[in-house]
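In structure tokens below, several structures.
One chain, subunit A, appears in both complexes that follow, with subunit B as partner in the first and subunit C in the second.
Our next item is the complex of A and B:
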């Protein structure tokens, strides 16, 4: 099925190129530029937050996880480091994740599991795995590399009252598809603030299987130029499960301690 | 020691304003709650282990107990913390009723910028591989604890640990264990002839020279991390040494057996990296007993142990493949007569047999030690496989670890199914099965450890 789809996409792409030889590269490069802007906009020199993750199964039963997070830019913005630790429930308390999100190379991700007393490197095949049993994936915890996708600007559309660009991202190969856990994604990026408002995830049968919506966008730095969604909801269309992540407390802090972003600190949790 | 603990306490209980915490630092700590200076967590669980008597074959309750764990995390902040893990277990185990209270860990941490100090009873888990960690010689193990959690085998050890982050990519760690603490190995549970009696062990005296020291450098690079380590001290796993052999036929035929510790040095390395979609972890350690202990009957030969694991996930399915090798330096094969032989007291009336008893017992014990140190072959190869599947969106997980020692033909199977009934309540069922030929470790331990278990645990 995936092979047939690829052939169809290739044929469609060839036809598209014939018809719009001059327009397509412009649209694609513009799409990439927008995604780059969105990536840059998501970078905050330093941030600390406490958030709640609510997981609902198809019957509406709720599970709650509370996390704290700190992030900071390094190497003049080329690297974003992030540490996440789980505060509750008891079964996962003390579990922590450390993420080095590089602009131009593969990310490093580690997870510390207190029950094993070990820090484990998360490899690419584990990035598509569920983030602590939620509909979010480990890959959702870091910004993907720009070069891992081909982008197409699909047009403009409003999402929740916000004028957005609609951009399609297709992983460049099957390894990236496996790593990301989807075959195609359409994202809605706010035209004014470059904040992600909505995302649709499509599987190998080109069926929508997950949908993410973000809301309650607010400025978080004193200059008012950096914005962030305080609410994110991921709905699994296949099984009716959904997960909601809300920022309970947030603190802009460019001087977040560098020592937070070390394995020592991760294991100290 | 008291002085160090006092310093740590003064720093920890200093007024909050002295060391103001950030939002991230204070989250979930005493300051965030702003009521009590400590947090409590832990669990209560009920566990049952069921096995089978070999003769006559019938079902056996190997263990059934209730256990409460209380963890106290006090004065946690950016300057340090106090941590205590208390356990109380009550029930039936190894043919007796038990009421065990254990201070598993009790230590103080002091954080001073890039330097941190830990002092107290603590558990250290070195090594990046999952199943076996040959680089970890600091933590004694209770090999006979009946618990579904592998971590429960680790025993706290009184120690001082200093860590210094030289750069974010480089960390130096040094550990001093002033007092020797040995692993628990219940030799008395094995089937032995009547004339063998396991006695109180004799271990190194509490002296500065009898402590253990270890150091490690961890490095962290893009896509790759690892460490180099060194250990110098008494091995947590002691060997067996025979006591006096009866000198005349008139003496009672009782041979005492003692656990004896030996001193060794270990050089180790480990690594972890991503190779495409595969995670790769490796560990290797060269252990070399110090000259004064070499060639003692209770001391293993120098050896090199190496482990390689690779892991890949396919959605909710994960597969881990392991290889472990073991090379024994200066290996000499000991013809093992078949465990400790039964001896008819009448045979000892024969002076020739009596004269042979000493050398024979020495050989028997040397062979027994080879078994428990996994040194019955010059080179041995073990493979392991661990498929696991997360089900129902991570609410349930099934995994089976299987291992086979190609050289000794021992094998084992360890299935486990867990179900998170809710965020606090967890149910586990599983088992462990060992099989091996005569004069193998698996053959020795199978009667004790072949069993299935059930656990219901409530965490808070």
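Our next item is the complex of A and C:
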């Protein structure tokens, strides 16, 4: 009996050792897998929505932008095209943006200004730049390139009542850090729906400078597989600003008209 | 009290109390704070200061440290690498809000039909082609070219904006260390207001020691030459030291901060306050001759009783003169006036009480021969020459003095005001060097801000802002103007093609402006606009950088702004350091005029009261008025500007200068009373009291002679001017007053109408005549 027990113990410890040595790589590839799942989950073949963006400065003053939006995937998901049009305030009503979000290269972006009847392409290489003057960055608004980061699974934690994976993303080099505008990011990804619930952004000094929270996650497609947060809030701890994005109306539609995503449609009011 | 016997009875108490009081005040000096900020010179309630604070509250602080790099070509790899590294480290320094360098500044450009908003330099160019294309881009970028980079690309700057609570000294030291830690072949300079202020504070701490050291050294030598015995040196010296401790300690005690002109305080005390001690010791030596067997206690009492009234009287005129500074609008001038008056009062008290008490403790010394026959001879010869000249041609003297004053007076029209902190430093000082580079190449280190309120997106308002920007750029003193309208123009050039009606102009529709802004917010960084327009587009700031800090230039810019503002309801407030400096200049001029007028009135009243005659007031005021006209006239001719320190001149002139007139008139009256003819009385007065006055004037002039060693130009000029003005007052008393007396023969000096003798003239004038008013026992 004793011998059997000894063997069992040693077997257990050997397997434990195996488990332990394998833990790190497993966790990392697992983290990457989760992020990939999240990325896939955020891809929606077609969508129409009306949303409100509220931007608050440190003194609590408010700037509100209401927009209508349509998006659709092209080239088997390699390219996502989005068109955004301002509904209010009155002075920017009709201003439109057309964005081609490529997997492999920098985005293309056009803006149409009805007051000048003019379309201009905007080139901005920095993903860290503000999205429509809010605390959200352009990077927050598009799916990240998986290869730009190293991932670590930090564990599980619940956020907003939802069981989440906690994953740390670190840009692979300084150029990407500069482009993204952070040195380290921790994201909370819902275990069931792979929807991002929370994100913390850390700067060079490893100080938390931006924090995002997402909520009101809903299934948006008939099959109930695709989920989206209807509420997103970004708080900038450095300048005290805060931005809130809410989806007021959302319509899953894989067959959004292709002509929506053209320059000629952008210029049509 | 009259006999002075309390001096002997309580001598130990007196000495101990004097030392204790001075010691207590001396300890307060450790709590003293130096405030180099010109802002504090201006009233808190002044509109310029209120507006500046308001604008800072909306748009953040405007205090910038500017770091300059100089090399053959700043776009070369090594230089850019260093700038990038320094910039990165600067951002992490405590107290720095943000930095603007080539790596942060935005480049808005149209490229292949696209608008690109990008950092001016994103990557350090490694090839020549890339470098040259960046150079071309910079040349097209009005937000960067000649703002961050000089036209010839040999100079480049990083502008660091400070957090409002940052301490100038700490930041400057941290930046200097940072530059040392990142060495390179490029020459570096630091500039900007916080740097200038930190230097003022640093130099001031050094100056207090240097100037006081020189001043006290000169005083020691002078005292030794006068008295040739240790107590003659030590006792007046201790009195001066104690009065310096007292007045300097008084400042922190009442919560006042030291400013640049506080540097004058110890020197003023050295020059003026030692006089009373000198008189006391001279009297002691006069008694302490070989044949006099009087005891030290009776001598001490004698010195006190004979000098109490004259010292009190001259002291009161000096204190009254200094208190005239209360009429000045500049806070530090008022404060120095009060503290100096207190110091003089304390010195006067100590001279009268402490010196005799101390003498009675240490006992008699070996008599010293006081009269120096050689000195006596040449000074007497000059004084006699004055006398004969005055007696022979009194009218000619008056006419020619008036002529000199009139011609000199024309110079007043050339008089300029200078409140520019940069000019306080000598030419080769690092502050001056960096300031010059910044003024010549980077738009200037001073600024005026215009606050525009209203619907900023309204084309009428935006075009008005644009008009300000374009018009003000025409002014030569304006180095650079930044406003939201400039950004709108940049955007209009980036998204419209040349020849397009929208190219390089402010659109006519509100929607178009709003859409430009939206476009910028989408492609740039919302923080970029924070200094130019507030969050809800209700208030905008036009930042005008001035490259010429002179008051004429500032006034010109302000006049232009005033013209543009006209009855514009939108441009509501003007603020900024440049405006505060201009306001300060106004205060300097108004304060100068006020303190001059008050000084003349005080002199007139003092003399009228003392001699109970209005004509005494008039006659006594004339030489002082002439001296002032000549002084300010020559300042105009020589290009010496009115500044924060010259404010103190007129008070010192009355405080010290009028004493000479009073002494002269007293003695003359007394000689007339003794039955001497007017001309003979003049001669007698000149050779007796005249000598005393001359010695006194020269000792004051010597006392101030430490000031030209100062690093600050206002202090240096003040030193020079105060010496000239004391000298003119002396000439006034020795030449003009006698001439006037001979011409007008005023009744108040004539013996035939004796006044009710409340003042004991014999006693009063005894100390000047050197008469022994004490019986030997």
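Worth a mention:
One rule holds in what follows: the second predicted complex is superposed on the first by the 214 of 269 C-alpha atoms of A that agree within 3 Å, B and C clash if a C-alpha of one lies under 4 Å from a C-alpha of the other, contacts with A are read in each partner's own complex, and residues count from 1 in each chain.
Here is the rule we go by: contacts are C-beta pairs under 8 Å (C-beta built on N, C-alpha and C of every residue); 3 or more make two chains touch, one makes a residue touch a chain.
Quick caveat, the model's predicted, so the values are computed rather than measured.
Of the two partners subunit B and subunit C, it is B that touches the larger number of subunit A residues. In the superposition on chain A, A:97 makes contact with subunit C only, not with subunit B. When the two structures are aligned on the shared chain, A:205 is found in touch with subunit C, with no touch to subunit B.
Of the two partner chains, subunit B and subunit C are each touched by A:57. Contacts of A:111 after superposition on the shared chain: subunit C is touched, whereas subunit B is not. Residues 57, 63, 89-91, 115-116, 118, 120-126, 129-130, 132-133, 239 of subunit A are contacted both by subunit B in one complex and by subunit C in the other.
Across the complex, subunit C is touched by residues 57, 59, 61, 63, 86, 89-92, 95, 97, 109, 111, 113-116, 118, 120-126, 129-133, 204-205, 239 of subunit A.
The touching residues of subunit B, counted against subunit A in their complex, run 22-25, 27-28, 41, 43, 78, 109, 111, 113-114, 116, 123, 125, 128, 130, 149-151, 154, 163, 165, 168, 171, 218, 220, 222-223, 225, 272-279, 311-316, 390, 393-395, 420, 422-424, 426, 459-460.
Put simply, subunit C touches subunit A in their complex at residues 92, 111-119, 122, 457, 495-496, 502, 507, 509-516, 518-519, 521-527, 535-536. Contact residues on subunit A toward subunit B in their complex (touch as defined above): 48-50, 57, 63-64, 66, 68-70, 83, 85, 87-91, 93, 100, 102, 105-106, 108, 115-118, 120-126, 128-130, 132-133, 175, 178-179, 239, 241, 249, 251, 253, 256-264, 268.
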